[in-house]
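Note that the chains take the letters A, B and C in the order they are written out, and that residue 1 is the start of every chain.
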Amino acid sequence: MIEAKNVIKKYGQVTALDDFTVNIPKGKIGILGPNGAGKSTFVKIALGLIESTSGEVTVLGEKLDKNSIAIRRKIGYMPEHDCIPNKMTGVEFLIEMGQVSGLDYQTATQRTHEILGHLRMGEEKYRLIEEYSGGMRQKIKLAQGLVHGPELMFLDEPTSGLDPKARLEMLDTINGLAEISNTNVLLSTHILQDVETVCDYVIIINNGKLQIKENVKELVKRQTDTIQIRVGENSDDFISILKQNDNKRNIEITERWIRIPYENDESFKEIISAAASAKCQLYEMERIAVTMDNIYLEVVN
Amino acid sequence: MKSDAKIAEKFKDFTPTLDSRANIVLGMGLRGFEKLLSLKNKGTLFLIGIIYLWTFAFYLLMGEDSYPCTEVSEEITTCTHLNFYGDLQYGGTRIFLVMLAAIASSGLIANDLNDKSIHLYLSRPISRIDYLIARIIPIFLLMITVTVLPNLAIFISQFSKSGLDLNFLSDNKWTLSNLILQAIFYSISYSIIGITFSAAINRESLAAVAFFGTVYGISLIVEIFYEMMNGMDIEQADYILLLSIIHFLDIISYNIFNVDYFVTIFGSPVIIEYSFALIVGLYALLFFSFITLVNYIISQMEVTK
Amino acid sequence: MNTIHFEQVTKNYGKVQGISNVTLSLEPGVTGILGPNGAGKSTTMKVILGLTRPSIGTVSVNGVNPFDDLELRKNIGFVPEYDCFYEHMSAVEYVSYFLMIHDFNKEESIDMAQNSLRELGLQDSMHRKIRTYSRGMRQKTKVARATAFNPQILVLDEPFQGADPTTRHLLMEKIKSWSDEGKTILISSHILHDVEYLTDNIILINNGRVLASGNRHEIRKLMSNIPIQIKVSPIDKKQLRPLIKRMLDEKWITAGRLLESEGEIILETNESEKFYTKFPQILENEKIIVERIVSDDDTLDSLYSKLVEGKQWK
């Protein structure tokens, strides 16, 4: 979908991208990295908004050179900050955006209503944008990027500032995009959980370089060597039974959970029989999975 | 009975044909023009009305027969079309034109900058310059309707006063093309100034006030300085008039009609001459730097996001 | 020490309801306050801070009314959701300025400010003007301002807003260590996972009313009208069928679902306590080993959608 070869981008003395090479497959891609790591620079180059100092970038099979404006026909962009006009209605604004992308009035109108329907916007689409809630504004911002039917949608922090319900809805919509309209998604975010829920692949950029590019499902399938359990009453009995078996065992106990090292599947058996003989409730038992947080912190620090 | 089951896949299969860049820009411009003329913009519509009424009253009803140019004295010649763009007390509509340009242009870029929707426009398949052109078109078309059209009306009324004499047309063919050229010149100049103010001061109402205040304020200050320097017999005094946009545009406008430029200071007209190359060069430089400034302001927005 | 009590507190602003008939108490440790925008989270915080007086009801922080006792403010640190910086100041100047308001002398203030900023990882940039700061650095500065004078009560309104993952992680570890020191911390966040990582104690609030408060697992148990779903996966996948069959023999199991591709069974019960006690014993008797016993039902996501959004059972 996006291929970058030895891309260098300098702003004066500052090097934003330093010999950056990546091959991003189709699908839903999460792009992570600290502030100033080169994330947004890379995205702006891919959108054809700025030029790289050197190197080669291919987006959707088209090589970007000086005349990179045409590529934006195939790309939708949802910026991070609030950037929609207040004095227009949602419908008016989307039709205008459709026309600016090159749709004729009829198609733009039809498409606008289709997308807003898909995003579950009701009659409020005929109201002025200034009356919209944060979640609705975010939807309009998303819709303007979709109006011309792009092959690739770039989303910059789409869930920032949304409350849990609106955030879940936004993630659902993004998930649906790929399935319903075959749109590829590039998602830049600081909320690692979003990447876990939505993305197929994740790339992490730091210091202007690509750190990792991995399949998300494979990544989070990885398990650590710790079993986390939660037990009810008689937890003291439970622990002492566990310790009887092997008192060198490094058991970590807090008010919230107990953590036991995983040696082999026998560990589970021991836990179950300890709970059975202590007659305590075994609320939860599982090997802790690697999370995006672990991976991110490992890569970035 | 045979029935085919179908599922609409409109949303999925949306592969529209997109217009060319030129058409997108033109479309944006025309929609912008329509918006300027919408009933919400009472000030704009009011000023357009005033300019037409003014033209009707002072140029069509009370207009003299001596068309196009009159000799005020042996040296000084004045033309109807030059008067049209001149000061109010001599029958000119300048103050209305500047006001209209200031009000109508002020929101064009300012609003996009203010609500930051400019980022969304610039992520479309158009370049920064395309965007600028699309934003200049509305104000340019608006200015054309209050410059070219009234002047054509005056021309036609003179033609009819001449008894629809075909010789009038052939005698005045240069007048006709010059008045169109002059109208386009004023329109494009005021449009670019308006766009510059709109981009530099990203508050709609403030940009309008700044436009009007700057253009008239500088003109006033420059005239006072000119008078002082003239009193002190400083030879370069003439050049100071080039600093005022109003005076500068008039100088070029007079040149279009190949008439000597004069300023009226305390009732006595004084002819001033400049080298043609100087004023054309200066004009090109000035408006090139305006466009560059606007382009720079917008590019800054993009970098800092 | 470090306790906060609300006794039937109502606060309205003219006709607008802030919070209504709220009774709750906060003990040392982290408590998360969750709810949609405009639910009453900020009003609750303002009442604790003594910035506003309840219309009805009584509030006591460490036994005194925060609105009347200004001394108390020396013991409460507050991170507001919105930025309130003097952009031309550096972080050190900004934080020490607030410390001086708290009656510390100049040297002390600067010293404390620097320590606090250093602890939050701002040592390299704390002398730069705040104007040049990224979102994450701004959040850290706000937290430094709120904690530099070592208050025992912390009120944090969306402290992770816009922060990058590294900053988020650092702030979370800090909050955890402050909690371990015995501070009472109230935190709001739209990212439920962050709260879940920090604490099990929550307050769910909507339309000014407290929908639930306490330990999230206990809250779930109280919702006894909704059966709980528990996922279990045996190590030996051949035991999937025998296990589900065995479990359905128990009359307190109301439903069972076999997900062969996932290698797991979903069991549904109304008597969760019984299930959690009996299940290990059954496994022991049947000689079946499972590697996973989890329920998504008491995650914050699930509680939030059931209680706040009123989604009952899918």
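Keep in mind that, in the parts below, a contact is a pair of C-beta atoms (placed from the backbone, for glycine too) under 8 Å apart; a residue touches a chain by one contact, two chains touch by 3 or more.
The structure presented is a predicted model; accordingly, all values stated were derived computationally and were not measured.
Enquirer: Averaging the CA atoms per chain, pick out the one whose centre lands closest to the mean of every protein CA shown.
Expert: Closest to the centre of all protein C-alpha atoms: chain A.
Enquirer: Average the CA atoms of each chain to get its centre, and name the chain whose centre is farthest from that of subunit C.
Expert: Looking at centroid distances, B is the chain farthest away.
Enquirer: Give, as an integer number of Å, the spacing between the C-alpha centres of subunit B and subunit A.
Expert: So the centre of subunit A lies 49 Å away from the centre of subunit B.
Enquirer: Averaged over CA atoms, how far is the centre of subunit A from the centre of subunit C? Could you give it in whole Å?
Expert: 23
Enquirer: Could you tell me the distance, in whole angstrom, between the mean C-alpha positions of subunit B and subunit C?
Expert: Roughly 60 Å, centre to centre.
Enquirer: On subunit B, where are the residues touching two or more other chains?
Expert: none
Enquirer: Where on subunit A does subunit C make contact in their complex?
Expert: 32, 34-36, 133-134, 157, 160-165, 167-168, 190-193, 230, 232, 256, 265, 268-269, 272-273, 275-276, 279-287, 293, 296-297, 300-301
Enquirer: Quick check: in the complex, which residue numbers of subunit B touch subunit A?
Expert: 10-12, 14-16, 18-21, 23-24, 27-28, 31, 111-112, 115-127, 302-303, 305
Enquirer: Using the touch definition up top, name the residues of subunit C that touch subunit A in the complex.
Expert: Per the touch definition, subunit C meets subunit A at residues 34-37, 134-136, 161-166, 168-169, 190-193, 200, 217, 235, 273, 276-277, 279-281, 283-284, 289-295, 301, 304-305, 308-309.
Enquirer: Could you please specify the touching residues of subunit A with respect to subunit B in the complex?
Expert: 11, 40, 47, 49-50, 69-70, 72-73, 75, 77, 79-87, 96-97, 99-104, 107, 111, 114, 118, 144-145, 148-149, 180-182
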